[in-house]
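The structures considered in this document are given below.
Each of the next two complexes has chain A plus one more chain, namely chain B in the first and chain C in the second.
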Partner chain A sequence: RGPAGRGMAAAAFERRVVRRAAEHHYLRVRLELPDGGARPNAAQFKQLVVTALRELHGEVGAALPVDILTYEEKTLSAILRVISSGLVKLWSALTLLGFYQNRRCAFRVLQTSPFLLALSGNSRELVLD
Partner chain B sequence: HVPLSRRYVLCEVVSEDPRCRQCIEDRTLGLAVRDAITRVHGEYGLACCSISFTVKYLNAYTGTVLLRCRKDSYRLLCSALPFVRYLESRAQRYPCFLNTLHVGGTIRTCQKFLIQYNRTQLLRLLQNCTNEEERQCIQKSLLSCSLTEQQSQSGDEEEDDGTE
Partner chain C sequence: QNILTVCFSVGYSAVALNHVIDFKEKKQEIIKPVSPSELFPSLPIVQGTSKRIKVLTRLTLVVSDPSHCNLLRSTSANIRLYDIIAVFPKTEKLFHIACTTLDVDLVCINVTEKLPFYFRRPPVNMAIDRGIYFELLYTPAIKDSTMRRYTISNAISLMQICKGKVSSQSENKPLELRGPYDVANLGLLFGLSESEAKAAVSTNCRATMLHGETRKSACGVVYTVKKPRKVEEEETAVPACKKAKTQV
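Now for the complex of A and B:
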């Protein structure tokens, strides 16, 4: 940190450089159910994600540590966290999932980032006056 | 520098049920291995491993099986082999397991390993003999072991650049 000396307007700053790749990746996803019907709750949503992984990547895929950090039942959108080495498996599994309880469904991945903070702002939905 | 690299996985089928030997054939084994890959690695794993996957050699008497797969997906195949729990034929299931003996880059290296392995197995059988008659039989088989060079070359002659 820069020293804040007396009488000097020194800006105290700290610079951190992280060379290592991040451990986790965060995805903001939305589930689309075009045919309507009952909405899944958080546990059923997690079950759906694990089922998608199991279909495409087997038991090894289903054992991937995936966490649902937030879930909104009204909009069916969630923030998922997955270990970085499993990002490709998770994303491909979500892409290829076609059915939830015999109804058509689709996962839309809205944002993804190795930093959770980056998901708070979305320049695609930015409205400029 | 070889564009189409393959790996040959040598394993043996171990079962307590003597009827299991009868259903060791390429179709039943191929289905059992494919089913295990689907369970463990999903559709992606099955599709990956199925590219140039075959059962190359079978020996129902000793339970030896030689599988072939792509070099890129042999780890998927090898990690799924312990999950084969039974062989199914004619609507009957016989419990068994697969023991991986050797992974080689060519059929020839696997053959060399198999000859060596069979030799040591015969020696071990000789030590575990209880009957004098069995002992004589095995001694005779051991003394008649030999490796003969064939004139024709097999089609998969490649350098093996890494065996486990």
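Now for the complex of A and C:
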């Protein structure tokens, strides 16, 4: 508990320490579709992710709980959330996906972290003066 | 040049341009490698650091006959211009020769077909002792589901035998390239542990580059022998002081 100074309101701090591994992992991904065709909307994007999981890991993989937290259709980038035990499956499924509706595509995983806040800053975009 | 730009944007810090020579066709000569400075007047900087990206040149020899290996021993000047030399053996005998006596840095393993030979432990262990790494292509796994099965099954059998001394390789088109962490994750699929998977993309590749450099530069060995000192000298000798550790 912080000390109460003269004339200042008492500041109360509470510290929580969690020793468990994080429950969810967050991934920021971008889909690259070089040909200028129709872009998928959010539902089609989710369908694409589930298809990728099914192609590599079968029905069990397709049943993995994956959520799309945000999706931007203009840049085709999204933030996905997955259970920590399923991170390897999801990441490998996205890596090995080659086609979207018979068009060549590629998934680029930009950032991954067990904390959502960590996805807001990307140290690789920093430039040295 | 397009592929290189994608490589750099994805986050690799060193890229090797591959030139494949297949000996089945007649009259193959080894040409001079394309110099990287012709492609990029100034190389871009690696993401997140201040060093420039390294572009190396690499030669892959597809050998299906023992006579093709004579090329490696010849003193052709062009072969020395390549930084890394890899060999792609097609038969079991050649695999044995490549692991034990040939002067190469990498042995490529074909993953798209059922291998015509099984890996045996003795030549693989000798190759690891000599510092040679094995290499897998991961691009077929992206294209086709049958290829994917073959790639994964061949990769798993390779991992079991060679204890994880593996590096990875990509192919031609820029869309088929995957970032370094993605490839390290694929290593987890193939049965490597997490540290081995990351090493497959970083440490093992760097070791291969150094192996190539030492292969190019080593010409002879200098052997120093300590002369035995007389007893009186030893009593007056100053005790040896610790030298600072030199970084190689």
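By our rule, the second predicted complex is superposed on the first by the 114 of 129 C-alpha atoms of A that agree within 3 Å, B and C clash if a C-alpha of one lies under 4 Å from a C-alpha of the other, contacts with A are read in each partner's own complex, and residues count from 1 in each chain.
The definition used in the following text is that contacts are C-beta pairs under 8 Å (C-beta built on N, C-alpha and C of every residue); 3 or more make two chains touch, one makes a residue touch a chain.
Note that the structure is predicted; figures quoted are calculated from it, not measured.
Asker: Overlaying on chain A: chain B and chain C, fit or clash?
Answerer: fit
Asker: Touching A:R30, do we find chain B (first), chain C (second), both, or neither?
Answerer: neither
Asker: From the CA centre of chain A, what is the angle out to the CA centres of chain B and chain C, nearest 10°?
Answerer: 70
Asker: For the three-chain arrangement built by superposition, which of chain B and chain C touches the greater number of chain A residues?
Answerer: C
Asker: A:K46 in the overlay: touching chain B, chain C, both, or neither? Say first, second, both or neither.
Answerer: Neither partner.
Asker: Touching A:A106 in the superposition: chain B (first), chain C (second), both, neither?
Answerer: A:A106: touches chain C, not chain B.
Asker: On the A-aligned overlay, A:G58 touches which partner chain: chain B = first, chain C = second, or both, or neither?
Answerer: first
Asker: Should A:L97 be classified as contacting the first partner (chain B), the second (chain C), both, or neither?
Answerer: Second partner only, chain C.
Asker: Of the two partner chains, chain B (first) and chain C (second), which one does A:V88 touch, if any: first, second, both, or neither?
Answerer: second
Asker: For A:S123, using the defined touch cut-off, is the partner it touches chain B, chain C, both, or neither? Pick first, second, both or neither.
Answerer: It touches chain C, and chain B stays clear.
Asker: Note down the smallest distance between any C-alpha of chain B and any C-alpha of chain C in the overlay, whole angstrom.
Answerer: 5
Asker: Residues on chain A in contact with chain B in one complex and with chain C in the other?
Answerer: Shared contact residues on chain A (touching chain B in one complex, chain C in the other): 55-56, 92.
Asker: Please give the residue numbers of chain A that touch chain B in the complex, ascending.
Answerer: 53-61, 92
Asker: Show me the residue ranges of chain B that touch chain A in the complex, using the header's touch definition.
Answerer: Result: residues 37-45 of chain B touch chain A.
Asker: In the complex formed with chain C, which residues of chain A make contact?
Answerer: So the residues of chain A in touch with chain C come to 32, 34, 55-56, 88, 91-92, 94-98, 104-106, 108-109, 112, 123-126, 128.
Asker: Which residues of chain C touch chain A once you look at their complex with the stated criterion?
Answerer: 10-11, 47-48, 50, 141-143, 145, 148, 175-179, 181-183, 185-186, 188-189
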